[in-house]
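What follows is a set of structures for review.
Each of the next two complexes has chain A plus one more chain, namely chain B in the first and chain C in the second.
Now for the complex of A and B:
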């Protein structure tokens, strides 16, 4: 009878404990693998928060800072870009398209972005997904607004709802309540900062500020809506601009052109590169997660060893019978190592199954709810390595009870003195 | 202390107004051991730009005057002349260099560009070598390659680069391909970057 078969039958005899041990290992492996999947998904969706944009142009700043305020709407720009520079850049022959963004106002805590309707066709995320409207259309009128999915959910807005834009970005900013906007469209959930933004036209940003002087509304300057509409609302500045180039080969040269722009200190960043740089800052947390799940696997393996050690006492008779049938102490040791390895391997495979079944069932929901792009792929080389590593660790862990069994079976021989 | 702080802020203000004045002043960062590598691939066209401090490539940044220094410059120019080997591009991709431009600031015949720069003294070892004749020099290399089978290009392997230039410690890479933009640090310990 081969060692493997013997180990299997012996385990079958103690199937209750064996099952619990396998289950414990399976859970820990599922946790480790699940964390790994979520980690990769988080990194992938983070790195593709914005795609299809070759460069982001803003005033002179570090690349991470420019990325933070232009894409993530965290923090503020130190300076704006003048309309003249924006126009000059837009006219460059390398530029295929350019979408301006004007930031600085808010609506009940959500950032207001002044932009052009091109934003809705040019902004892409997750490689090449475009923004889509779940209801309504892009802004057309001066006082139209397009809101992200989070804004619509949190504030209960639907197409046609009125909203008031506040001056500044504090949630209780003094309202531009004389210029109410109307929701013209609601965007589908993307899992990007777009979900948390209110989009209006560049002219609208100008319009809400026409009767403001030095940060306070001057009642005497309360200009009627009709007159505002008739005014020249060409913006004087924009905060940043998304730029698409005709050829990405030109990207580095064009970036240099912007960075060395004579008339105004500007910065151009490659958003994808800045995103990977930013991830290396926030990515420390993901490593901590991995470390914790590795510790859980380690704990499960210790559990396995202690179960096997505990079982040795009650299995002395089994060992003795094996010895009587000609098994040498080394065989007994081998049996225990095989047992431990089998248990771990079974646990690891069950854990893999848990994760994949879970992924199949939950991915659409997670994608939709959290915008986390989880991929259901065949296990990666790294995951195979984890599986092999855990199975290997299981065999190694078997050495401890095996050594003990080797010693007792030598000492016990055929007689069991209890 | 207070005086120091005040004068520091006055200095900052002065510098700030200086920056806004007619003649613009600007200084590029220059950190020994750290270079920049920009790679863009579109269709069959591969563009590679590399900028490093002269010290990373040559071991010195002054104008090459002695025969030894000149030989080092010649050697570097030759090594930099073969980007396919230097950046570990897959031979199967069939990339041919169609354009290349190598500027070595420390080269007497070719120092028009980098000696005009006023470089920021940002040595890793913390001391400024002021007696250095005037400033840091850089090495710039720019290649355009045409590849017959660009799909075979799977990444960069700078093992040969770091072997040839042991003073180089890190290249800050930016990669633009069909799969989007990516960035990464290439070091002798991890000399590869996947496309």
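Now for the complex of A and C:
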């Protein structure tokens, strides 16, 4: 009978504690691999928050700052782009399409984005996914709004619901309550900041500000809505613009053109590059998450050692039998290391199964609910390395109880001495 | 000493010999001294002694599990007291088959796996064991065929004793040590077991050293040795 079979039979004989140990290791391995999958998914989702856009243009700022306020709607622009510059850029022969964005207002904590209907056809995420309406349509009227899925869920809005835009981004900002909007469409969930935005037309942004001067509403003006609708609502500035080029290889040259734009200081960023840079800044959280998972695995391995050590006392008879039949102390130590390795391997494999069963069952829901780009694919080389590392650590962890068993079996010999 | 490692003694070879062996348990102060004891190859010897007389200590010394404080123990022609621990383990694995009073089987392994266990660790006994040795031996010792692959923990006391005997005999070790192997059996089962054991011992020509307090077993042995005629035991107070 080989040591492997002996270890297997002995573990089977203690199947209760063995199962708990395996389960414990399996959960920790599942957590580690699960975190790894989610981490990769989050990174992939983050990196594809915006795609299909070659450049983002805004006033002179750092590339991360421009990305934050134009895509993630975090923070504010320090300056705007004049409409003349925007028009000039739009007319450049390299430009295939351009979508302006005007930011600065909000609705109950959600940022309001002034844009054109092109936004809904040009904005892409996760490589080539386009925005889709779960209900309603894009702007049909000056005071129509298209809301993201999170806004609709959180505020209970449906097509036709009225909403009032507040001036500024603070939740306490005074409102444009004299120019209420109506929800004309609700977008499907994307897992991007689009879900948390209220989209209105650029003209609507102008319209709600016609009776505002220096950041405050002038009650005396109180221009009737019919007159507002008849006004020229061409914006004087925009906050940023998404640009698609006819040829992607022109991106760097066009970026340089924007960055050296003479009429006003502007910045153009490549979204992919800026996203990667931003991820490297926020990536410390993912590393912390991985570290916690590794600690959980470490804890499970300590549990494994404890279980094996605790079992030694009740197994002294078994060891004495083996010794009486010719087993040397090194055989006993080998048996304990084999058991430890078997438990860890079984735990790692079960953990693997947990992760993939979980992915099979939950991926569609997670993708839909959280917009995480989780993929059910074969384990990566890194994941294999993690598993091999855990299995190796399991064998190494067996050395501690093996050493104790070695010493005990030397002292006990064929008879157990208490 | 003969070429095969067994030393001659008249027309019989010596399987094991103890000379002026002394041992003291440090924790209890129990002391055992054996002036001279010889077990010849193929000989069957019954050691009779009361409980606490030092029978188990003597067996542990003979098997090399305990090292004597004085004297020498020869297995075949080798003084095992001079061997290193690993060499001693090998000698024990190759030389002795041991039957315990409480059988000491691995309850989670099958009867045949228990029998084959010593071959996992021995070198010379492995070579002596034919392919189906375990099953053949178990059946010859009276174990029902359907019990051969049953878990040892599920067998009756009598069946477990047969498995323990088969385990000691597998691979034809030169010496079989038996520590009160019939004490847990009723008299009829004990008699049947002894008859089968002696039959197998004759077949393998191994020496048998059995300790017991049951003098009725003496009919199965070449020699009966009262422990107090070869060994002196005393219990000193420990400071």
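In this section, the second predicted complex is superposed on the first by the 417 of 418 C-alpha atoms of A that agree within 3 Å, B and C clash if a C-alpha of one lies under 4 Å from a C-alpha of the other, contacts with A are read in each partner's own complex, and residues count from 1 in each chain.
Rule of thumb we're sticking to: a contact is a pair of C-beta atoms (placed from the backbone, for glycine too) under 8 Å apart; a residue touches a chain by one contact, two chains touch by 3 or more.
Only a predicted model underlies this, so the values are computations on that prediction, with no experimental measurement involved.
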Message = Based on the shared chain A superposition, would you classify chain B and chain C as clashing or fitting together?
response = fit
Message = Contact-wise, after the overlay, does A:318 reach chain B, chain C, both or neither (first, second, both, neither)?
response = second
Message = Quick check on the superposed pair: does A:298 touch chain B, chain C, both, or neither? Answer first, second, both or neither.
response = neither
Request  = Considering only touches as defined above, state whether A:327 meets chain B (first), chain C (second), both or neither.
outcome  = second
Ask   = Which chain makes contact with more of the residues of chain A, chain B or else chain C?
value = C
Message = Under the stated touch criterion, which partner chain does A:9 make contact with: chain B (first), chain C (second), both, or neither?
response = second
Request  = Applying the touch criterion given at the start, work out whether A:19 contacts chain B, chain C, both or neither, answering first, second, both or neither.
outcome  = neither
Inquiry  = Quick one: is A:384 in contact with chain B, with chain C, with both, or with neither? Answer first, second, both or neither.
reply    = neither
Message = On the A-aligned overlay, A:403 touches which partner chain: chain B = first, chain C = second, or both, or neither?
response = neither
Note = Superposed, chain B and chain C have a smallest C-alpha gap in Å of 49
Task = Under the touch definition given earlier, write down the residues of chain C that touch chain A in their complex.
result = 56, 60, 63, 65-66, 85-86, 89-90, 92-94, 98, 100, 104-109, 113, 116-118, 120-122, 167
Inquiry  = So in the complex, the part of chain B that touches chain A is made up of which residues?
reply    = 19, 24, 26, 38, 40, 42, 45, 47, 49, 174-176, 179-184
Inquiry  = Per the contact definition, I'd like the list of chain A residues that touch chain C in the complex.
reply    = 1-3, 5-6, 9-10, 12-13, 317-318, 320-331, 410, 413-415
Note = Touching chain B in the complex, chain A uses residues 47-48, 51, 54, 127, 247-249, 251-252, 260, 262, 265, 270-277
